[in-house]
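Chain naming follows the written order as A, B, C and D, and within any one chain the residues start at number 1.
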Amino acid sequence: MRTSRRGFVAGASAFAVLGTKSAFAQKKYDDGATDKEIKLGHTGPYSGPASSYGQIGKTIEAFFKSVNEAGGVNGRKINFITRDDGYSPPKMVELVRQLVEQDKVLCLFNTLGTPTNTAIHRYMNQKKVPQLYVATGASKWGKPKEFPWTMGFQPDYHTEGVVYAKHILANVKDAKIGVLMQNDDYGKDYYEGFRDGLGKETGKIVKHVTFEVTDPTVDSQVIQLKDSGANVFFNIATPKAAAQAIRKSADIGWKPAQYLNNVSASVGSVMKPAGLENSQGIITAQYLKDPTDKQWENTDDFKAWVAWMDKWMPGANKADANHVFGYAVSNLMLETLKKCGDTLTRENVMKQAANFQKYKLPLLLPGITINTSPTDYYPIQSVQLARFKGETWDLFGDVMSAEGS
Amino acid sequence: MAASSKKWVLGIIVLAVLVPLLQPVFPDVVSNYRLFLVSTMIIAAIAVLGLNLLTGFNGQFSLGHGAFYAVGAYTAAILMDKLNVPYWATIPAAAIVCFIVGYLFGLPALKLEGHYLALATFALALAVPQILKYKWLEGLTGGVQGIVLMKPEVPFGLPLSEDQWLYYFCLLVMIVLFWGAANLLNSRSGRAMMAIRDQYMAADTMGIDTALYKTVTFGISAAYTGIAGALSACAIAFVAPDSFGIFLSIKFLIGLVVGGIGSLLGSVLGGIFYVLVDNSAQSLTQFIRNDLGLPFDLSAYTVFGVLLIAIIYLMPMGIAGGLYMAYRKLRGARA
Amino acid sequence: MAALLEVSGLKAFYGQTQSLYDVGFEIPMGGITTLLGANGAGKTTTLRAICNMVRTDGTIRFDGKNIRGMATEEIVRQRIAHVPEGRGTFTTLTVDENLRIAAYTRKDKQGVKDELERVFVYFPRLKERIQQQAGTLSGGEQQMLAIARALMLKPRLMLLDEPSFGLAPLIVLEIFRILRRINEEEKVSILLVEQNAALALDLATHAYVLETGKVVMSGPSDVVKNDENVRKSYLGY
Amino acid sequence: MEQLLQQFASGLANGAIYACVALALVMIYVSTDHINFAQGEMAMFSTYISWQLMSWGMSFWVAFILTVMISFAMGVLIERLILRPLHNAPVLSIIVVFIGLLAIFNSMAGAFWSYLIKEFPSPFPKSEFGIAGVIGAHQLGVVLVTLIVLGLLFVFFRYTPLGLAMRAAAQNPQMARLVGVRVDWMLALGWGLAASVGAVAGIMVAHIVYLEPNMMGGILLYAFASALVGGISNPAGAVAGGFIVGILENMVAYAGNQIEKATGVYIIGNGEKLTVALIIVIFVLTVRPAGLFGRVVVRRV
């Protein structure tokens, strides 16, 4: 591959300088780590059309504040630097270079978006700065051979698409599938996974329609899907469009078997707005606990999360699944840093990130754990199917694990 | 006046050439990141200049220059990706492609004025990302995933960093383009362009072929902005439809207005501002939140909006206009 | 006879350039006064200055009250009607709307109705065209509409800027006849700016001559008419 | 055939949304000669206000009326405080101010009410409105409300002295001053009206697209096109323009769909429908430069 020579030289020399400085202290540091603090870099879309995901960054910020309050990690405070990328790849490049070269962060953590992370993918690997637990489900983040400094977090969209396809093949007779897809990276990943899952049966997709994020409604698309005679509906849309599609199909009397991508599986921001009566029976795949789902109310990790939210993010909407996501992924980062001990080098951060066995992360569904290795850069690879019933998701079947795609 | 301003320009250019060489002396001040940031400012300045040629000097309105920027960027990216054309050769190619696109777009635009032209260009800016994703072009454009490129390498074994080289390359392109624009504006054609802006009817009766001038200006303007797009493709080493949303065009417009409409210097200032305002809004927000301890959750986007309004308040004619007024006041006070 | 409008030390500026230097005159109650002068002498500017449509300095007293610096719309509410040059009508509004908008400041509905009837007595032609858009009227009709609209304000003072501009001589005569009637019957004082000095001097009782932003001569119109300089410069004989 | 009917109805419903926002744009344009890019965000903000009022226990219509009034005040205030001091600034500078306002409203709404989508109620009972399977109750309601707003505006501008004064002030501000119209206040009033109409639009739209800070982003683009198609200074034209754009867009998608069905070749689809609709709009404008229903007004030189 074309990964660089220059990047290697730069990284090595920086290492040499720092290495001599702290040689006799038994502690090892790269840029961004000292006896007192650890610098983490982050970007998120606080403005622009994707700004609802800005909540993740805010959760992480609050999380590390709470960690610092409690004494930090191995005696070091976390300096969490977050910036607004507006979901724009060029802006991302600029900000990330600033984080890496000016602010000199130890690593990037949970930067959000597929196109944005793609723009810095090669740069991070040239600079050998960890790009950890990125907030996107594209499958390209788990390729340790080509990109050893980049790791994903959530189950990738591709895998999820495969899971739905398998379920349809096994359960729906004479499936005629209609797909609604957001016309971007994320939609495409799902769709391709779905097609792969269907294998030879891709002919079962009778209609595939797309929409743009700027489209005010997806009514016209749903009408086309109904008209195609489909009896299965795979809904690859972000919350707003997903809810619109569910409601519209009910409005025009189209009653297919519905599959909804996990991105929009929030009860509070999709199922309720779409109308609970319209949402019955929809199937999705889950890996995190839905904050509006009453069945988790008495589990320990969920109670801890609620208490944490009350204290550190008072006034924030607990129905927003982004808070769950941010909290869970922050816990993973925290654990990674803890495991690093006093060896806070970028290499060690990557090594520890790639060394989780059956780690129980708070707020993951029962039975789902974090598993990584130097050859497996997909921390979460399991999902469980759930069917919407009443006001909550009803998990069914086994936890399904797909081998990395 | 003209001679002294020439001296100034030369001085600034010499300074701009020398600054990166100070890197070994002040590694933290003249860092690679800062040079990269200045390169993005230069790129923005070129794009704003393109818009300025059209709006500031020819009186045609555009809310869609992001489209030409995108076309330039993709032209460069596709040539590098598919045909292995060296990056520097993609610049003239992008210019030609964008000139043609701009010229063709200028033809129907002739019939449209003011708000209607704004709509037409706006539509263009909306359409381009969709066209880039169009099914039959995916093979070429990479569809939603875009194209990942290599950054330009330092030629001839020069002892420069990648960012230093990129900076020099952008600077060179900018000097050539600004020089070209200055000469164009000083020529007969340039005066005709401005006559069309100021007195449309009069220009028509003076025997100026207004249709030709307007369409050619559209072409040149598009070419300038397209070159900026191509440079950005080189600098960012990645193009994707998400990079060219409608807000890009709006940012160019902000750069144009805040820098100074109808001023070459204004285009440079606009380019700098365009890059800085985002960053300064973010640092300002952080400052207000952390240091002033505001209990309210202030977003950088709010600060950005307030900054924009404040600048128009202080300098309704843009920074260049504001500087000019300040200069006149100073001289007036002395006289 | 008391002066309705007293102007003294009036200066006016367009941006940085000054176009009136120390203009002073008085308009008697009930009379017709005319301002004469070459192009660019500042006649139009003087009218505009009275209505605060340019930046001014000096004093302007209307009925004993200083109105300089008041907003245009407030000055109009003192019942000073300004008929600007180039016939100021709202071209996209109908004749009826043009007249009704002038009564916008008035509260008495019945008064407005009566006013409308009276205006049509002076300008019967407008009644025929009441639903037409003002922009479709002929030049003379538009001028009549402009004057009619000024009348709807029930003005005490009417400022007229070049009412004869670009109109056929017969129409001009008709308009001037009407102006005289208005002056007499409605007791409206008139300040008239006019290129056609002969016509203006015939109509007016008093005249002032402006040159480059200053009053250079004034007096009853008979006297001014017979002044040699005036005859040479403005009357052409 | 059923699809054609449904697509047409859905286009009509979308068109009503565009028409409503376009009306607000036209309001500001006729009174101040500006196209307000912040219009959509102002409407969104108003909608949040009504949501807040309802969550405090007010009924839909009470909240609706109160919101329209609050929005009116908000529009007047914005004009007086922010735009008044800039009345001599060039058009493009004003546009930048609008963009600033857009950013502020958008982020403030996000900060106050979060970016999570919210349900917004519909006041139209399902049983009495709508034609089953073709057009929903709310969609039909929106069409009606749009037409009612248009009617009210028509009566206001045509038959009331204030409406007349506003038209006069817009057409020739200097002359309007000379008949005693307080032109400055007319501008502020225009802003107030536009904000009110925008609030109505937002409240009607929110049930369909859900309430969130970015809900107006896409819609404003369509409204902009609608207003221009209809002739930017003509309220009735804007409404007609809205319906035309809404229906056209769906028809483009429908046609593409039918072609693909018949020939199996993909030519245009949902990804391109906006582009194609806009191309048609621009083509129309090059033929009729003042919009379909606009009059060519001779420009003062």
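Everything below uses one rule, namely that a contact is a pair of C-beta atoms (placed from the backbone, for glycine too) under 8 Å apart; a residue touches a chain by one contact, two chains touch by 3 or more.
For clarity, every value in this text was computed on a predicted model and none was experimentally measured.
Q: Starting from the Cα centroid of chain B, hunt down the chain whose centroid lies farthest away.
A: Following the centroid criterion, the farthest chain would be C.
Q: Specify the chain with the shortest distance from its C-alpha centroid to the centroid of every protein C-alpha atom present.
A: D
Q: Quick check: more C-beta contact pairs in B-D or C-D?
A: So, comparing the two chain pairs, more contacts are at B-D.
Q: For chain B and chain C, what's the span in angstrom between their mean Cα positions?
A: 53
Q: What whole-number Å value describes the gap between the mean CA coordinates of chain B and chain D?
A: From the centre of chain B to the centre of chain D is 31 Å.
Q: Could you work out how far the Cα centre of chain C sits from that of chain D, in whole Å?
A: Using C-alpha averages as centres, the distance is 43 Å.
Q: Which whole number of Å gives the spacing of the CA centres of chain A and chain B?
A: Spacing between the chain centres: roughly 35 Å.
Q: Which chain C residues sit where two or more other chains touch them?
A: Residues of chain C never touch two or more of the other chains.
Q: Out of chain B, which residues touch more than one other chain, so two or more?
A: In chain B, the residues touching two or more other chains are 126, 130, 133, 297, 299, 301, 304.
Q: Please list all residues of chain A that touch 2 or more other chains.
A: 47, 51, 183, 212, 214
Q: If every chain is a node and every touching pair an edge, decide which shape results: line, ring, star, complete or other.
A: Contact pattern: none of line, ring, star or complete.
Q: Go through the chains and record each pair that touches.
A: A-B, A-D, B-D, C-D
Q: Could you please specify the touching residues of chain A with respect to chain D in the complex?
A: It comes out as residues 47, 49, 51-52, 54-55, 183, 209-217, 219-221, 223-224, 226-227, 239-240, 243-244, 251-253, 268-270, 272-273, 316-317, 319-320.
Q: For chain D, which residues are in contact with chain A within the complex?
A: So the residues of chain D touching chain A come out as 2-3, 6-7, 10-11, 13-14, 17, 103, 106-107, 110, 114-119, 132-133, 136, 205, 208-210, 212-215, 217-219, 221-222, 249-250, 253-254, 257, 269-271, 273-274.
Q: Going by the contact rule at the top, pick out the chain C residues touching chain D in the complex.
A: For this pair, the touching residues of chain C are 51, 53, 71-73, 76-77, 81-82, 84, 88-93, 97, 100-102, 104-105, 149, 153.
Q: Which residues of chain D touch chain C once you look at their complex with the stated criterion?
A: My answer: residues 161, 164-165, 167-168, 171-172, 174-183, 295, 297.
Q: Over in the complex, which chain D residues touch chain B? Could you list them?
A: So the residues of chain D in touch with chain B come to 35, 82, 85-86, 88-90, 92-97, 99-104, 106-108, 110-111, 221, 224-225, 228, 232, 266, 269, 271-272, 274-275, 278-279, 281-283, 285-286, 289, 291, 301.
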